[in-house]
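Paired with subunit B in one complex and with subunit C in the other, subunit A is shared by the two complexes that follow.
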Partner chain A sequence: MLKRCIRAENRKLHTSPIWLLFLILPLISAGYGTFNYLQNLEILTDGWYSLWTQHTLFYSLLFFPALVSAYAAYLWRLEHMGHNWNLIMAAPVPPFTLFLAKLFVVVKLMCFTQVFVYLLYLVCGRLFAGFPGWPPAETLVFMLRGLVGGLAVAALQLLLAMLVRSFAVPVFLGLVGGIAGMLLAAKGYALLWPYCLMQQGMNSNRSEDMLAGRLPLFFLACGVWLLVIGLTARLLLEKRDVKA
Partner chain B sequence: MQTVIETKALCKQYGSRMAVDHVELHVPQGCVYGFIGPNGAGKSTTMKMLLGLIHPTAGQVTLLGQTLNEKNRLALLRQTGSMIESPAGYLHLTAQENLEIVADLKDIPYKDIARVLDIVHLTQDKNRRVGQYSLGMKQRLGIAMALLGSPKLLILDEPTNGLDPAGIQEMRTLIQSMPAATGATVLISSHLLGEMEQMVEQVGIIDHGHMLFEGPLSQLQRHSRGDVAVRLLNPAKAAPVLRANGLPAGDSCTVTLPPLQDALLADLVQKLADSGAGVVEVTPHTKSLEEIFLSLTGTEAAHHE
Partner chain C sequence: MNKALHTEFQKAHRRHDLWICLAVPLAAAIWSASAMPRGADELANAYSALLYSLPVLNTVLMPLAMAVLASRLWDVEVKGCTVKLLYTLQTRRSLFAAKAVFGAGEILLMVLLELAATALLGYIQHYTEAFPAAQLAYLGVCTYGVNLMLFFSELLLMLVFSNPMPALCVAIVGTLLGLFSAFMPRLVSYFVPWGYYVPLGCYEVAVWNEAEHTVLYGMTRYNWGLLGFTMLLAALLFAAAWQLIRNKEV
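Moving on to the complex of A and B:
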């Protein structure tokens, strides 16, 4: 059942403008990161690690939540427009499966984005920063952990976009969430705020591992957020009247 | 005959307003049932409750012999095709892609898509984006989505809304043929009785959330017996006869009689003729279905202003 719903969601992305965003935002993010790195060579002396921090700091707190918010808002916008809520809710599938299918698709887009961002990091490192060799394998682990942290953001943004009929409002809330995340992370509350989890996983502002020794706690935080958001979405989908 | 849709004391309350107030629907198997009422009468709300899209405040819905609940909802939806509140669809995709999405959700093989496209005459345009479609084409695509998988029950909300006369005629032919062609029972709503007259066998009339009438169309037509106008040459001679029968009499050459059974009318005309009143014309007025509808829904006054 989930598989069929995912196939339906994937088909909705066909010829959709979301792919343009997918290409442009990471490019801006990488350009910004590389520029920052090259401007501050005297303090950023850690090679690939330094470039990593410059590439991922704004990416994980701004560009990433913006992109994921846009993916999520776009997927629900398709249902908010016309009378598609009636169509999907009168289909013989459990309503929560529709949410899960959208989550799957957002996570898929998120994976593509992460891969794209990593490729840009490699290209920028070799081409513009002129590093010899390849970045430490640890950065790949950070990338994967970032994905796990991003799950909570994806789920929360899907929930927001499901409830708010506008496209811009949930995207704006996503950005606010990311910026609030910067402040909360600075105060040490990072694991309590879903928008920080991505940045924590990506290890984006220091060369040493921010999650050293706290990895189980990090995974727990991701799991709890996913569970809470998922249950809320399920309850709302099953108990609320459909408004098309 | 089995009843395919049945509701008992179905209610939906929004704030203090009863959008649907103790509605009792009985839709027999294999018929086209016209669910008729003015805009805002509660038609869409009732239909949404039939599909479980909104939750009733009170009452129950029975579909295909089963009382609708959380557990059997999906199984019942699998046997139901619907189009609620104007057609749905993804405008950036083609009709074919839209139907593939619906087929995936309904778990129906894609080969059924060609069949429904053919039924609604969209085969030629199946690879065009739905955004470029006219309203009539979108309505037909909506019907095609509902028809996918040959459901036993079709619930169509205002499928003729916004169509031009040719489109309405086409939709009418399409819907009329459905029970015979697919064995489906069709519940169809409209705010225009005239539009329905030629395609439905059963009607339910709703206004302000109340059912005003339910039954075969022919029974509704029986309500159509109207006044009888009698033109006389000598109204003064007719007066005693009319008074003797408890009817008002005047000096006018035309007397309006209330709806009477044929035997009584014949008797009265005989007496009038015998009195020498000079009966030259007897004209029965038949109410049009539109007039019956308006008198039932009590919107006649508003309509004539």
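Moving on to the complex of A and C:
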């Protein structure tokens, strides 16, 4: 059942303009990151690590939440159009399966984005920054951790896009969530807000590991947020009346 | 016109646009407040620091907020497939004028709230620097001008595609470009309209002592030329949006 729903969601993405956003945003981020790194070589002395911070700082603080919000809002917008909501609620699948299928597709897009960001980092490091060899394995771990942290953001944005029947508002809320995450992380409450988790996982504003010694707590926070948001979505989808 | 505007107010009822108008100044105020000045020397330079950083915060927040306002204004007609019906009930001119005036009013409210929050922040955090009324008014005019220009560009995209997706995507990419242009040489920022908040700003870093982590801000000349160009762009985009409404087959 879930597999069929995922297939249906994948079809909705065919020839979607969302792919343009997926391509352009990481390219700009990488272009600026490399430029900034090359302009500040006397301050940024940690090689691959410094390039990583320049490539991912704004991306993980502000633009990743907005990007994931756009992915999520696009998938739900189709259901909010016309009588589609009635149609999906009357489909012979549990409503929560629809949410899970959308989550799967958003996570798939998120994976592609993260891999694309990492590839651009690799190419820019070798070609423009002129680094010999390969980036340290830690940066690959940062990217994967960012992906785990991003799961909560994806789930929360899907929930918001499901509840708010507007494409634009959840995207805006995603940006505000990212800003709030940045401020809360600076105060030391990083694990208490889902938007901080991706930022912490990516380790985008320091060369030393921000999660050193706190990795189990980080994974626990990711799991708890995902569970809470998933349960909320399930409760809302199964107990609330259909709103078309 | 009054009737058409009243209709827009009725459409906005329960659309909760007011929350967007409140959320942006609130987010900017909280963000600004998080960098609270400490010590006598920072308090003596606090308004300058605030007015230096506000254009950067606006670059992050405003393009997306403008896309949200523009898309919600037109999306209500797209979702309801009401355009054809509306054109039989009112003139195209009155529909467009009402939407433009309503949007411009929402933006004005947003800018005024942001200015009020700035003044309030200075009062609450006991800034000792003299209140820069003229500079604050200039910031308000510049923010309003850039916001209007971005709003009409997003409205134009909404009219062309009848889908909020392109407008939002352009706003996200524009925000990223605008933010990056703020940290690039000044010349680059003139080519990125989403980031015009920064080159229009009237403060700059005058002294930066890296060893003592102290920054002193100084005034620059008001950038009337760029402000005029921004207004011209806003007028052109307004005209383009009006032409599209006037000629579009529904």
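Criterion: the second predicted complex is superposed on the first by the 244 of 244 C-alpha atoms of A that agree within 3 Å, B and C clash if a C-alpha of one lies under 4 Å from a C-alpha of the other, contacts with A are read in each partner's own complex, and residues count from 1 in each chain.
As a working rule, a contact is a pair of C-beta atoms (placed from the backbone, for glycine too) under 8 Å apart; a residue touches a chain by one contact, two chains touch by 3 or more.
Every value quoted in this text rests on a predicted model; they were computed, and no experiment measured them.
> Under the stated touch criterion, which partner chain does A:Ala90 make contact with: subunit B (first), subunit C (second), both, or neither?
So A:Ala90 only meets subunit B here.
> Does subunit B (first) or subunit C (second) touch A:Leu25, or do both, or does neither?
A:Leu25: touches subunit C, not subunit B.
> Which of the two partners, first being subunit B and second being subunit C, lies in contact with A:Arg4: first, second, both, or neither?
first
> Give one of first, second, both or neither to describe whether A:Leu38 is in contact with subunit B, with subunit C, with both, or with none.
neither
> For A:Thr15, is the partner it touches subunit B (first), subunit C (second), both, or none of the two (neither)?
In the superposition, A:Thr15 contacts subunit B only.
> Using the touch definition from the top, say if A:Ala70 reaches subunit B (first), subunit C (second), both or neither.
second
> Which parts of subunit A are in contact with subunit B and also with subunit C?
In subunit A, residues 81 are touched by subunit B and also by subunit C.
> Within the complex, which stretch of subunit A touches subunit B?
Residue positions touching the partner: 1, 4-5, 7-8, 11-12, 14-16, 78, 81-84, 86-94, 238-239, 241-242, 244.
> Give every residue of subunit C touching subunit A within the complex, in rising order.
Listed in rising order, the residues of subunit C that touch subunit A are 20, 23, 27, 30-31, 34, 60-61, 64-65, 67-68, 71-72, 75, 79, 164-169, 172-173, 175-177, 179-180, 183-184.
> Could you please specify the touching residues of subunit B with respect to subunit A in the complex?
Contact set of subunit B toward subunit A: 48, 51, 53-55, 70, 74-75, 77-78, 80, 82, 84-93, 97, 100-102, 104-107, 145.
> Taking the touch rule as given, give the residues of subunit A at its contact with subunit C in the complex, in rising order.
17-18, 20-21, 24-25, 28-29, 32, 35-36, 58, 62-63, 66-67, 70, 73-74, 77, 81, 166-169, 171-172, 175-176, 179-180, 183, 186
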